[in-house]
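Below you'll find a set of structures to go through.
Okay, so subunit A shows up in both of these, paired with subunit B first and subunit C after.
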Partner chain A sequence: MFQPEFSLPVALPLRFFRTAPIWLALVALLAFGLDESDWQQRFSPAMLALTHLLMLGFVGNIMIGALLQVSAVLAGVKATNPVFWGQLLWLALQGGAALLAAGLWHMQPIWLQAAAVILFTSLGGLALWLLIALWRSGVATPLRWAIVGLGLTALSGVLLVSLLSTGWPAIALNDLLRAHIALGSIAWVVGLIIAVAFTVVPMFLVAPAWPSRLNCYLSLALLATVLAAALDARLLMLLALPVLSWLLALLKLLRHSQRRADPARYLWGWGGFNLLLVTVLIPWMDQWSSLLSTPSQAPIMLAAYFLFAGVLPIITAMLAKIIPFLLWMDFRLKIKSGGGLRHMGQLFPERWLKKLAYLCFSMGISFFPLYLLAFKSIPIILIIYAVALSYCIESALSIQNKAKILQS
Partner chain B sequence: MSITTALQQQHRQCDEFLAQAESAARAAQWGDCVTATQVFCQMTEAHFALEEESLFPAFEQATGMSGGPTQVMRGEHAQARDLMQGLQDAAQNWDADDFIGCAETLLILLQQHNMKEENILYPMCDRSIPEFAERIA
Partner chain C sequence: MANLKLDLRGLAPPEPIERILHWLDAAIAGETLLAHLPHTPYPLYDHLRMRPCHWDCAAHADGSAILTLHRD
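After this line comes the complex of A and B, so read on.
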């Protein structure tokens, strides 16, 4: 159950949310400097560095912020000193992401090892602590499996660094790599999106509750499918099944949403559709990549489409509701009635969400042609989105601060 | 009919009118919007009054819990009333941005408020003051 009074100090998740667009802007700036061959090779040092900056710096910050908030709200899970531990986690994530990207860019094993230790200790530790706390609370089952995904992603990452720098463990590199990518992108990121959707969609879009069986078993089914695909690449085609089940239920809920004109509704639908599209295309990548003049572009296209057309619209829809509602609730906990901040629309007007939504749709629709014909223009769109998102978050925070000062 | 079922129905009816009012504001149909807003506010106020003047006192008397969940619910009613006033002002002024902001906040606030009542407080009322159900049937 959603209990905002159990929320963390609002500054803690906000710290993660505010940092995310900075990483995205940095990725875009670095991407300006890439040459054509970098854009075509998924294992070029520059592309590996940018991928990890995107997944850890941009997506990671948003997902960790959301995870901390949702865990506190759904299950009352809070550390005894949340601000201290939250800041430490934030520092570890930023430091680990920067060190990992630098290590990949310059292929420096010592930097990679240091990054692996920092990220495994912080993210693995967070996953373990949250799992124990959630287990004790006895609620929020879908969240547990996403957190298992986070822990396994951190573990597979540290094993990858170890394999590359010391030759241990004796696992085929391709198998470990496939496991790391599947765990990080599907079990962790999509798993958390699904867990968050179980709470956020009925509440913010005033839609019916999710089917109870889906709520109980879907996240576990997703994790089990990812683990199966990590063990055997032929099972990748099963990934589409849990995502399809989720999308069908999501579309049904959105059809019955009482807030039909809300832009967030379309972002959820569009993002969900693209997540499904990517999971359908993954197993057949070799077949359709042979249609491209440069087949090595296929994995990059699919990964970037997953991020920009699948994850980004959903992140946008989530943040545009969660941030103003948290700030408004934070204001209301201090000032029970009246005051200059009457509603969350004063913090994050819907027209901002509409503009972000147009940007998301433009990025998703234009991504394939831009990548194939004008890849240099992709960073421009990323910078525009990063600046727009950052502007919205900072403005919302500044409006809330002004309202607090006026009231006191 | 139990207390939970009867009051749950009232919640759903109120939600529908608020959603109607929001749709009308988005379509700039201000006459419809004002009407739906008035109906929503009257229904919600009547529902709050039933709870604050009859249900909560009966529950508090039966259980001796006067500073617990009912106090939290009263606090949330006050927040909802603030937003309802904002909703009415925005509808009168034909201010779509203000109306949508108030409506969205109110919807979310009421959703989480209703969930707490339907899952925790009303079942407690059903157990401690079952005779109250006849008064709202």
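After this line comes the complex of A and C, so read on.
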């Protein structure tokens, strides 16, 4: 019989959150060493390696940590031995990301195959286990469609490596590549952002509930649109529809939020707007890229904007709520009286989020001119952000530890 | 019959959990709390297991939940 309970050891998701900024700083350092020509070639070994380090190392760690946390809070999903399985998953994700990036950078098929096996087993296994656990819990959460997106991204990744190294399966490389990118960036990353927003925005920003129809069908509609676009590139223009519906509802909720001064409100709105902008621009890339002096820059520019102006602000807003909540829950379990920690703001003050928000806004607003005119400055901003995020996470942990010591 | 009814739906985390634990720690044996929460409070259950109480939680179609908490 399924026994719902929370019991998520705080160290489990926290390990993923603490690792993410290290990968971002590494990507920034590697990007700083690239020549201008490397930035203009979408499929250059260096660019492919950096893209995967960002998506698996930085975004992947945060998304997996958030997925574990939200699944536990929403549906009471719990592993039999969470510490062991959590460590194994963490090791597989870090090892797989490093091996994949090294394999792409040096174009070593053996490394790529090993990375594909590790990542497919760990991420595909996680997706399958979570889907079964959610089904057993009976909670109909939109999370399940983002988890299907994660499983399909891992599957399309392993098929890509197989196609490149053995020629199997007999699918056109461009079609499989488009499917992998659409599944990874939209079905998995945007899908999880939308599913997390359904919980986090009303809860932490004290806003009204999402419209019930959107809650029921939007995540499924997003996944269906991505699958359709993966089969036929002409359907890419449909991607903007689910993102637009989500954004309009999100803006309405944010307007009615009772936490007017919370910087997370603006980060959600800004990130959501940029995600929509990217999905609108993707289908028309051939038309507008001709306006650039080097049209081959367009896909890289759009992908980087998707990450740094769309995903990054939302990730920042999510972490600023999820991490103190986790630490507070852990503290309250150990110190029954509540002790010196009376609210989450003591663990992650709003002024920290404000500073991270300024970094996100300035990066998003200045991204296009910086990319075209001073691309070397982008890694510098990324390193500053990575250090600032890491400082906030480690400081929150240190405040919680000090409060525990004081009470014991 | 509940000794206290609380609507905790408009509060940001961890305030609903904090209020329930505060009530439980001050309650005397036999008292009952009826709390309306924005969703099933899975994170609360670990805290309740450490205290002398038993509870029942009913989920509603709109995603909210009614927690009936008895102090033993």
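Convention: the second predicted complex is superposed on the first by the 400 of 408 C-alpha atoms of A that agree within 3 Å, B and C clash if a C-alpha of one lies under 4 Å from a C-alpha of the other, contacts with A are read in each partner's own complex, and residues count from 1 in each chain.
The rule is short, and it goes like this: a residue touches a chain if its C-beta (ideal position, glycine included) is under 8 Å from a C-beta of that chain, and two chains touch if they have at least 3 such contacts.
Please read these numbers as outputs of a predicted model, since none were measured by experiment.
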Which of subunit B and subunit C A:M203 touches, first, second, both or neither: both
Subunit B versus subunit C as contact partner of A:G338, first or second or both or neither: both
Partner chain in contact with A:Q346 - subunit B first, subunit C second, else both or neither: first
Touched partner set for A:R259, first subunit B, second subunit C, both or neither: both
Partner chain(s) touched by A:G76 [first = subunit B, second = subunit C, both, neither]: second
Contacts of A:S212 with subunit B and subunit C, given as first, second, both or neither: second
Contacts of A:G33 with subunit B and subunit C, given as first, second, both or neither: neither
Overlap of subunit C and subunit B interfaces on subunit A (superposed complexes): 4-5, 202-204, 206, 258-259, 325, 328, 332, 336-338, 343-344
For the subunit A and subunit C complex, residues of the former touching the latter: 4-7, 72-76, 139, 199, 202-206, 209, 212, 215, 258-259, 325, 328-329, 332-333, 336-338, 343-344
Touch list for subunit B against partner subunit A, complex: 15-16, 19, 22-23, 26, 72, 75, 78-79, 82-83, 86, 97-98, 100-102, 104-108, 111-112, 115-116, 119
Contact set on subunit C toward subunit A in their complex: 10-14, 17-18, 21, 25, 38-40, 42-47, 50-51, 62-63
Touching residues on subunit A, where the partner in the complex is subunit B: 1-5, 202-204, 206, 258-262, 321, 325, 328, 332, 336-338, 342-346, 349-351
